[in-house]
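One structure coming up, written as structure tokens, with questions to follow.
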Amino acid sequence: MNAAVLTVRPDVEYVLSAAPPALKPRALPAWRRVLQHDGVRRGIVLVVLAAVWEALARWQANDLLLPTFVQTLRAFVEGVASGELLVKTGISLSVLLKSYVIGIAAAFVLTSLAAATRVGRDLLSTLTAMFNPLPAIALLPVALLWFGLGQGSLMFVLVHSVLWPLALATHAGFQAVPETLRMAGRNYGLRGLRYVLQILVPAALPAILSGLKISWAFAWRTLIAAELVFGASSGKGGLGWYIFQNRNELYTDRVFAGLAMVVVIGLVVEALVFRTLERLTVQRWGMQRTNQ
Amino acid sequence: MQLPLTQPGADAPPQALSATPLLQLAQVSIDYPQGEHWVRATHQISLSVMQGDRFVLLGASGCGKSTLLKAIGGFVTPSEGSITLAGRRITQPGPDRAVVFQEFDQLPPWKTVRENVLFPLLAARRCGRKEAAERAELYLAKVGLAKFADAYPHQLSGGMKQRVAIARALAMQPELLLMDEPFAALDALTRRRMQDELLALWDEFRFTLVFVTHAIEEALVVGNRIAILSPHPGRLRAEIDSERFGFNNAGSADFQATTQRIHGLLFETPRAAAGVEA
Amino acid sequence: EGTIRIAQQFGIAYLLLDVVQDQKLIEKHAKAQGLGEVEVEWNQISGATAMNEALLSGSLDVVSAGVPPMLTLWDRTKGKQNVKAISALGSLPNYLITNNPKVKTLKDFSDKDRIAVPAAGTGFQSRTLQIETAKQFGKDDFKRFDTISVSLPHPDATAALIAGGSEINSHFSSAPFYYQAMDANKAVHKVLSSYDILGGPATFNVLYTTQKFHDENPKTYKAFYAALKEAEQYVKADKTRAAQLFIRAQKSKLPLDFVRKIIEDPENDFTIVPFRTAVYADELFKLGVLKNKAASWKDYFFDEAFAQGS
Amino acid sequence: MNAAVLTVRPDVEYVLSAAPPALKPRALPAWRRVLQHDGVRRGIVLVVLAAVWEALARWQANDLLLPTFVQTLRAFVEGVASGELLVKTGISLSVLLKSYVIGIAAAFVLTSLAAATRVGRDLLSTLTAMFNPLPAIALLPVALLWFGLGQGSLMFVLVHSVLWPLALATHAGFQAVPETLRMAGRNYGLRGLRYVLQILVPAALPAILSGLKISWAFAWRTLIAAELVFGASSGKGGLGWYIFQNRNELYTDRVFAGLAMVVVIGLVVEALVFRTLERLTVQRWGMQRTNQ
Amino acid sequence: MQLPLTQPGADAPPQALSATPLLQLAQVSIDYPQGEHWVRATHQISLSVMQGDRFVLLGASGCGKSTLLKAIGGFVTPSEGSITLAGRRITQPGPDRAVVFQEFDQLPPWKTVRENVLFPLLAARRCGRKEAAERAELYLAKVGLAKFADAYPHQLSGGMKQRVAIARALAMQPELLLMDEPFAALDALTRRRMQDELLALWDEFRFTLVFVTHAIEEALVVGNRIAILSPHPGRLRAEIDSERFGFNNAGSADFQATTQRIHGLLFETPRAAAGVEA
């Protein structure tokens, strides 16, 4: 061993230089700093999409089927200015949020049961496999029987569309929590609900967040579709109703304005709620990468 | 410490203590599923850990030390035999046994270093918020991480994570402390400091310690009793008394000789003749 | 030229199209026109909206729906695609029925009642109701009953009415649903018929297409129109045979007697001749739903239908 | 230190006993062994659900809105025996599977781009936030423009319902892959597609599987709903059309038989495809717990 | 080994080698984001690693050893200074530098032990399937895990996982081998065996090794050159030549003295007078 002796180098000792006391963020060129900002980059994506839409619509030249971006924008601004669009959106949002919260609560109960007992696990996987593929219209008759017309039934189908995907995602997240973390939690004497709340939920938060995003989107889809069917009792129709009415009357620009409202809300909620949540939790905790 | 320390009193003979071990393993075997069949990790191990013991589990990599410790922690159920703590069978984990795991990912990543130390104190309702905060401060200082109290685990080095886990377990001031190679990721000096702290705390509170290590010197210095395990599957090879060793006599001839003897017990194929049936 | 894509909706009201399809009448008349083999594609789509969209997107050549949706599309495409009607599909009444014994006339509806229609505010039934409301309560109040209207597909509304006990106690219903409801629950009774509102037998559904299809496929169009005429004769000639054909073509599970009863009902006239469509054109223009005023029904029908009708 | 000297115990050496050469699974009591089997436990859940349904339906006594389980079963058996239900199911399944595969491929492309570049990431999160909440009916006019009536449009809306939730779940899974594993992969020189396929996909498999389950279910929901509207081209309607047609003729038991087919397929796919996949991958690899 | 070994030939003076170091760190500083500001992990470190060096990074817990190694691996980008390998700046990771990480979760859990060793060989297209399989067999035997070739990582003990990672890196037979406390989880005997294997392989292939450890003895035995780092932030404290130490003279006076000297350099606060500006 050590047969080929390498060049002998002398021992060296160094004087320790003091470290810089406080470090500032490295200066970036201005254009990179602007690009660094999420909103700006996404704004660019949006502008490009709008341009593509405009071009496509002009080329198709069939504004009863596909109005241009500008036409839609005009209808959107008119709808907002007249207050109609905002009122309808408010009605929809209130139903949506209520159902979303109920759905989250129900998913939480189901997955907590599944985390605690084998019966709960069987129940969860059987129920999701059964009910998740059922379209809202299938539940309509049953909903009518139990909740009558109006909000009750609407919320029933909305909960249906929130509950299952969220429960699936959350359960998958729970099951993937690392063994060592589980052991740590149980070592603290945590059991039952406290174990779920203090260990499983935070540890599975990335999965839960993706479930929340998915079910938020599906709640919208279902709401718009269900309001078409359920329509409005006593003139209190929401966004879906607005879309439906205008579609029937072939005011396609207003239809797209209504849909644009859904898109805008989707973008705002993504940017303000979900991104913020991610930044404050999983990214801060190093459980989710921010860059590649 | 919750339990009043049982001192060998004048009216009780010294053997009285050994008559009621705090922790008793009786013919414990543990199997893991592997593909279609089972693999035995530890095989018929019997051990008695007395109140106030600093009991070391020593053995080669893969000999079942962690498995045994997890069984004492209540995380793994033996397939044979029984583990009793103060006469009651261990069926589940609990905050009466604080555990330092071997893995680096034992710290909930969503809690800062300080919150990580506070977490079990508050979860197990060991003490009030204020006392918990004081304890956290104290034990973080003891492991040299006071400056990092507000960092998140992913911002720490491997050794720093282990030290947080140590602080967390010590802050619990449990009756029974289970530590799985807690100092393996630490440099000589930090390790020495941690060993010192551990022994000083033991001196103060006289808890019972079950300590897994793969370093013979550490076993001799930290433990007062050493169980030596043989691998594949883990079986008990010997039990050695090491009460007499400490930092002060780490260079002594007795120390060296015992080190050599343990080395032999650990790594030489046992000669049947030398064995003494227990 | 030589291909035609047609869509019908579901139900007995589209019986003429079932006959055309089942008897391959287009193919037959195309040969008579000297077109040879024509390619006929039959689709079933539910709802006027989807029909309109399919027509506008060029996915279909000929679609079918109630008179008001056709008029809306005519109104919106005037000067562009110029959608116009080809022919009627029959004069069939729609009944406003209820299981609320207190309701005898339109005035008896209260806030507690709920009227189910397929498309609240816009469909055939709602428009018809709006015309009557404007007549009874004044032009400004024509949306009065929209607030107690509920969008619900016919079958669900029928089930609700038969079962009773739900909030939905009234239904503006077409055949065969009002037959079923009144058969199954004796408490269900008629409040109003669309014939009362429109002043006599009136067209329910129409077929319509774009100017482009009409102009570019004169022979196919003629063959199609001739086929429709023959289908009308076919139904008139033997109603039992027509009922059997319907059950066969639609793979329907309805009993033969029931279907025959509907076809034989003198109120139901399976004719391609439009009746009283102008009432909608006039009234909906007055209500501001239509932007263009039709001078006569001939404004929104293609010439081929001019021989008869109103 | 070491002030209170404990009882002195002698050193002991033990003779090593040989370990049992091979270990059999521990014997369980017969009833536990039966319960151990997934199918049996889930069967029990199903039987209980059926009983609840039967009781509920009898109590409501309104078989036009809610037929009993027995009535539905009869209609189901008849439908299968006559072959009608099977043919319709076949038609629907073929469209569904095609769209599902296309949706998976599209989601894979989007998430791979997102894994590789920041532009991809911005694109993915903006597009999902925008399009995921849009109901299928909103896409209908556009689908008709581009794909005409029939399978093309149907597949378009189905892909829409598969793509976004799957992309969301997969992306969340990718982002949560532990740093050390990523470094290991990049250390092997893996980059681009190979990195995604050989590191990110297996490491994120639990999340991907839950995304696959969710989007499978939503593909069904959308299919049934879309077939109601699109109806049948040249008599080739699928399960949705079957349901619609029977609903129109007030054969509620057949409507429920059609829905029961969806449920049965859901259960079978869950049991045969997803469970098997989980057993062979994430559970075998210790990435998903099998029990609590 | 891909690179032909550069032997100090008769016609080239020995200094010729030191003129072109294989790996050169020039004033390397690395910062991590922490909350709103940055935290400096390593500060202006300059090092030269020659072809065939067994270069040890030694330092207390949290002094930036892993950070530096990750920077050499190409996983972390320095905020100041440059790292060059054979004259080219390191910008990204690559299979020319096999890395053994400190964490236990570095093994893809979806691959068996054997597949884990095969994975980089096939991914980096180091060799054909057959040769890869042979190498995997060989190196798994070397780390004593031949029996566990078909087990999945989650079925292994902590030390066994680390040994798989070692086998995986060795099987790559890279020009530059980066090891981050690879033996920390191993018992005395296993550790000794691994050290032996490593040195034997070095003797055979003469790769360049950068080895992180916190154990002074291990540094002396394994390395031929030791860089000593001071913590918070990590700065270079000294460089020590340890060519002359090996297992055979581990008990010698020189060995003991050097150990003491390193201990002092590591843990005593430096007196400015004693320092020699490099």
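Here are a few things to note about the model shown:
Note that the chains are named A, B, C, D and E in the order they appear, and that numbering of residues resets to 1 at the start of each chain.
The working rule: contacts are C-beta pairs under 8 Å (C-beta built on N, C-alpha and C of every residue); 3 or more make two chains touch, one makes a residue touch a chain.
Keep in mind that what you see is a predicted model, and the values were worked out from it rather than measured.
When every pair of chains is scored by its C-beta contact pairs, the maximum goes to A-D.
Chain A and chain D have Cα centroids separated by 19 Å.
Centres computed as Cα averages put chain A at a distance of 45 Å from chain B. Centres computed as Cα averages put chain C at a distance of 42 Å from chain D.
Shared contact sites, meaning residues of chain D that touch two or more other chains, fall at 62, 65, 141, 144-145, 179, 228, 252, 286-287.
In chain E, 39, 103, 105, 154-155, 232 are the positions where the chain touches two or more neighbouring chains simultaneously.
Residues of chain C found to touch two or more other chains are 53, 56-57, 153, 156, 159-160.
All chain pairs that touch, listed by label, are A-B, A-C, A-D, A-E, B-D, B-E, C-D, D-E.
Listed in rising order, the residues of chain D touching chain E in the complex are 178, 180-181, 183-190, 194, 198-199, 202-203, 205, 281, 284-287. For chain E in complex with chain A, the residues that touch the partner chain are 7-8, 14-15, 17-18, 31, 37-40, 43-44, 50, 52-53, 79, 154, 199-200, 203, 206, 224-225, 230, 232-233, 235-241, 243, 246, 265, 270, 272, 274-278. By the touch rule above, chain D contacts chain A in their complex via residues 38, 41-42, 44-46, 49, 60, 62, 65-66, 115-119, 121-123, 125-126, 128-138, 141-142, 144-145, 164-165, 168-169, 171-173, 175-177, 179, 206-207, 209-211, 213-214, 216-218, 220-222, 224-225, 228, 243, 252, 255, 259, 262-263, 265-267, 269-271, 282, 286-289, 291-292. Of all the residues in chain C, the ones that touch chain A in their complex are 48-49, 52-53, 56-57, 69, 72-73, 76-77, 80-81, 111, 114, 119-123, 146-153, 156, 159-160, 166-168, 289. By the touch criterion given at the top, residues 32, 34-35, 39, 59-62, 65-67, 102-105, 147, 150-151, 155-160, 163, 181, 184-190, 214-216, 232, 263, 266-267 of chain E touch chain B in their complex.
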